[in-house]
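Just below sit the structures, each encoded as structure tokens.
Two complexes, one shared chain (chain A), two partners (chain B, chain C).
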Partner chain A sequence: MRAAGWGRRTVLFVWVLFALFPVYWTFITAFKQQVDIYDGPRFIPFVDFQPTTQAWRTLFGDGGGDFFDKFANSIIFSGVSSLLAVILGGFAAYGLARHSYKYGPYRNDDLSFLIVSQRIMPPIVSVLALYVVFVNLRLLDSSFGMILAYTAMNLPLTVYLLRTFFEAIPVEVEHAAALDGYPQWQRLARVVFPLAAPGLAAAFLLSFFFAWNDFLFSLMLTFNDAQTLPLYITSLNAQSQPLWWLISAVGLVALVPPAIVTVVLDRFMARQVLIGGMR
Partner chain B sequence: METLTVTGVTKTFGGPRPAVDELSFTLGGGEFGVVVGPSGAGKTTLLNMIAGLVPPDTGEITLDGASLAGTAPERRDIAMVFENYALYPHLSVRRNLEFPLRAPVRRGTLSRSQITDRVTQVAETLRIPHLLDRLPSQLSGGQRQRVSLGRALVRRPRLLLLDEPITHLDAKLRHEMRTELKRIQRELGVTTLYATPDQSDALALADLVVVLDAGRAWQVGTAADVYERPANVTVARTLGDPRINLLPGRRDAAGVTVLGQRVDADHGPAGPVTVGVRPGDVELSTEPLAGAAAGRVLLAQTLGYQDVVYVDVEGATVRATVPAGIVARPGDPAWVRLPAARLHVFEAASGQALRHREVV
Partner chain C sequence: MAAPQSRAAGGQWHKHLLLSPPLAFFAAFALFPLGFTIYVSLSNWSITGEHRFIGFGNYATILASDTFRQSFLNTVVFAVVTVLLQYVLGLTLALLVYRSTRGQSALRLLLLVPMMFTPVVVGFVWKTLFDPSYGPISWLFDRVGLPQVPWFSEQLPAMAAIVIADVWQWTPFMFLILFAALRSLPTAPLEAAMVDGASGRRLLFDHMLPMLLPASMTAILLRSIEAFKLFDVVYLMTGGGPGVKTSTVTLSAYFTGLRSGDLGTAAAMTTMLLIVVLIATMVLLRLLFWAGRRRSRADDAAALQVERDDVPDPTEAVDAPVTTEVR
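Up next, the complex of A and B:
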């Protein structure tokens, strides 16, 4: 028993080292000077090299204006578009789960597939068309345009994911709320959404990650004002010698918002365990 | 005390036959009505239509004289206990019980302390005060059923609908809950409609029985009506346990011929009939008996207080109940006599009753 415990711990320890090493490397690189980076690998601060906060001073000092703008763009675009995708997708998914639609030969499953199929296609296929649309609607390099693009990008995912969550809620629970004296909107607010909370949280989380990590849309649809963090990082790479210390510092900062969102939403996703089987 | 009337209600879901077909009955205020019928009979569909969850295609439903058409379920003040209980899984038992009292339609009618009092009271009636802080997932089936009943009763609805509330419980608990349900209903005087596939629920609880099969009401009446005087074969088959014997026979001016025996009952125009006789009315003997048909024992089951013996007579299986302890082994010869006074006679083609058993 004891031996097995230690064996498992050793394996886990090695795995954690393996998984965290890139993060560690990014972390120390953000505190290195140019020489420490280009002059062979240096692993341990204070031993191998003398850490410096030069990158951080650039980022948060005078040179940081650009960084803050892009950082704010990334947070706003990802946050707002994910929220919209979850709200709009939530309603669409609820409709698909609870009502029977018939548009010509198309039923609920066909509609679902139509929506999901928007995501099956690689984004590179649609982004050129989207570019033309954005030029004509004067949405290029605008916050509104980017939020729109990310919302559209994430809707198929949220609809698809949430439909199964709503379908898992027994319709009788909603009926009970109706008989208990709650009109449709109240039933959604008091019963359906709380029960679908794990799904809503998961849908938001995934949407946020996709938008946060997007490179293609930002590359094609923005050039300055509405640029996001990934584009900014690339711009640091564009010189003859990449500014690794800056790139690493930005990369570390870029880890923070998704981590916060994950930690916050994880509690909601864990609720499912608590509530247990609904049927 | 609200009277419920259902008049000519029909609902088709797109299948070949309606789920509920031209259904009509009246349930008096404060009465306990039982809708009894097999799985798929249309019980849930009927209750859903009364609750306003499913709109009927045609027909009218009224409560206390006023039509319910066009009234949303949340405004009907009808409570329902669902087949699967449908508790709110994310809310504690206490919150589940408070839920109807805090509803928008009742906003401002009850103070906070009144709500607490009502919840405490209903929890005591149902003997669940110790469960108030648990989540539904932490309850047993019987406990969930009580909470579900409590949630329906706590707001003193105008009409209480129960959809197979105790079918999923074990036999002992089922009996207990049945008695308790009747007691609570009497105490509160709430008009109640109870759907069940279990005929013994109907006989034990009902002021009014609606025998439902394939969406149709085959008979509406008191428990005594439907048991003693079944209007047709379907009703006779639905009520009674063990089930009534339904045997092919012939009727003519001299009487009825069944199991090859002539019985002096129900003289009438000649024609094929179905003879119904309750297993308790069958006279069974292991010795030859005057006017009895000879057969062979197929199987004997004991119910503890009595035995059910299955006898093969000329290819027909006859069920007879006998006092426990009378030994009948498969293969034994047996004689079966059907007393004339105890026979129900139905027209063979339509299944309509021609004659009922005489009540002694």
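Up next, the complex of A and C:
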């Protein structure tokens, strides 16, 4: 048993090293100068290279206008589209949980699967067509277009996740609210949605995560005004010698929202909030 | 599944209203683009907008093209290799962390860190790590006396580098799902098996893995769907190179469609990709349903065993045939 314990610890230690070294590398690269990067690997600040805040001064100083614009775009597109996806998806999920539908041969489970199936289609299939459509509707490189695209990307997820949440809320709760004289929309707003709050939060965070990480839509459907942070990062690579220190610094900034999302979701997982959707 | 709750009077029209926005988005962002893409794939549509219907010409062109065949093969290889590696590693980590008693939640969060990286940044970070002249990996190989690997100038090393980056980022996802599933396993059957004197290995293979099957299949299905979309990391690490030797279908379609302006051929490529993804998804969904049925059988068997262990009755010998039959 003792030997097994050591084996277990060694495997975990090696993996944690593998998982965290690139993170460390990004972190120190964000504090390096050009020389320290291109003159072979330097590992330890103050020992084999002198850290500098040059990258951070560029980003948050005069050269940062572009960075702030793209950062704001990323926050706005991800936030607004996730909110829309949770609200619209929440209503639809509630409908699927409480009513029975029959559109031709399609009943509740089929409709639910139909909506989820959009996630199966690789985005490159639709994005070529969307490019042509966006050109014709003058939506190319517009905030509105990007928010629409990200909402479409996240709706399947929110409908699917939230349906299980609403199904878990007993109908009797709603009947009780109806007896208390609440009209339908107030029953939803005052009783059902608050009860599903953990689910709504989880769905919002996951949606935000996917929109934030998107690269393909932004690459194809924007070229300047509506570009997001990932596009800004690739623009730093355009030169023959990539600006690694800037790329790493922006990469660390881009890490913050998903990190918050992951920590909060991990809390949810620990409280078994998401398990219903995983089964 | 659905509880029919709508009251007959007046409660009917708004239920359609609830469902209409997702269906409208489905029509506008999935159904229409799909139909349009299939139509474009049958034409010689160029990015300037001129087009003519040409039948299956584009499909004949791409099937004869080495570039497309290479990208197609790469997409399948990447999907199979990365998902399998991620599953095995994710499961191993989940089992190891599950058995740790101290610092479990801190360890769990540490393991999740790679997932927080934006894929674009993942591509860049691994590109510097593998860089032949100033990357730490080449430095390490040099130090321990291993031969220098041409990471980005030969096909196999370049593919390995991409696989490592992808496995680095997404193994935590497998870990997350499998760990949650492990924690939700009923403990009674496992304890019963332990009382029966099952070894750690038997416990794992006969009891835990069968009970983890549905969660495993779900995780594999979700990852596979994503793996077929592989684009960002390849685009940034190798750009599909050397030549097109590490290209994927999405990458080829992007270059053909937007860079060369040949939307017709690009559309044909994506349609081929969609067909493969649909086939793979259907196979995996079948396996998922099968796993679900097996899981419920395993649960029944376990329940039976628990019952038997709870009540030590003198007719043990009579019981024995029943359990073997269930197994």
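Observations on the model:
The working rule: the second predicted complex is superposed on the first by the 238 of 279 C-alpha atoms of A that agree within 3 Å, B and C clash if a C-alpha of one lies under 4 Å from a C-alpha of the other, contacts with A are read in each partner's own complex, and residues count from 1 in each chain.
Operating definition for what follows: a residue touches a chain if its C-beta (ideal position, glycine included) is under 8 Å from a C-beta of that chain, and two chains touch if they have at least 3 such contacts.
Worth saying up front: this structure is predicted, and the values here are computed from it rather than measured.
By the touch criterion stated above, A:A97 is placed in contact with chain C alone, chain B being left untouched. In the superposition on chain A, A:S126 makes contact with chain C only, while chain B stays out of contact range.
Contacts of A:R8 after superposition: chain C is touched, whereas chain B is not reached. A simple residue count on chain A separates chain B from chain C, and the partner touching more is C. In the superposition on chain A, A:V47 contacts neither chain B nor chain C.
In the superposition on chain A, contact of A:Y182 is made with chain B only, not with chain C.
Within chain A, the residues touched by chain B in the first complex and by chain C in the second are 274-275, 278-279.
If you check the complex, the residues on chain B that touch chain A are 48, 51-53, 72-80, 82-84, 86-90, 99-100, 103-106, 135, 137, 151, 155. Those residues of chain A lying in contact with chain B across their complex are 170, 172-173, 175-183, 186, 191, 194-195, 271, 274-279.
Here chain C touches chain A in the complex through residues 1-6, 11, 14-15, 18-19, 21-23, 25-26, 28-30, 32-34, 36-37, 40, 89, 92-93, 96-97, 99-100, 105, 107-121, 124-126, 128-129, 133-136, 139, 168, 172, 176-177, 180-181, 183-184, 214-215, 218, 225, 228-229, 231-232, 235-236, 249-250, 253-254, 257-258, 263, 266-267, 270-271, 273-274, 277-278, 281, going by the rule given at the top.
On chain A, the positions that touch chain C within their shared complex are 8, 11-12, 15-16, 18-20, 22-23, 25-26, 29, 37-41, 43, 88-89, 91-92, 94-101, 107-109, 111, 114-115, 118-133, 148-149, 151-153, 155-156, 159, 167, 171, 184, 212-213, 215-216, 219-220, 229-230, 233-234, 237, 242, 244, 247-248, 250-251, 254-255, 258-259, 261-263, 266, 269-270, 272, 274-275, 278-279.
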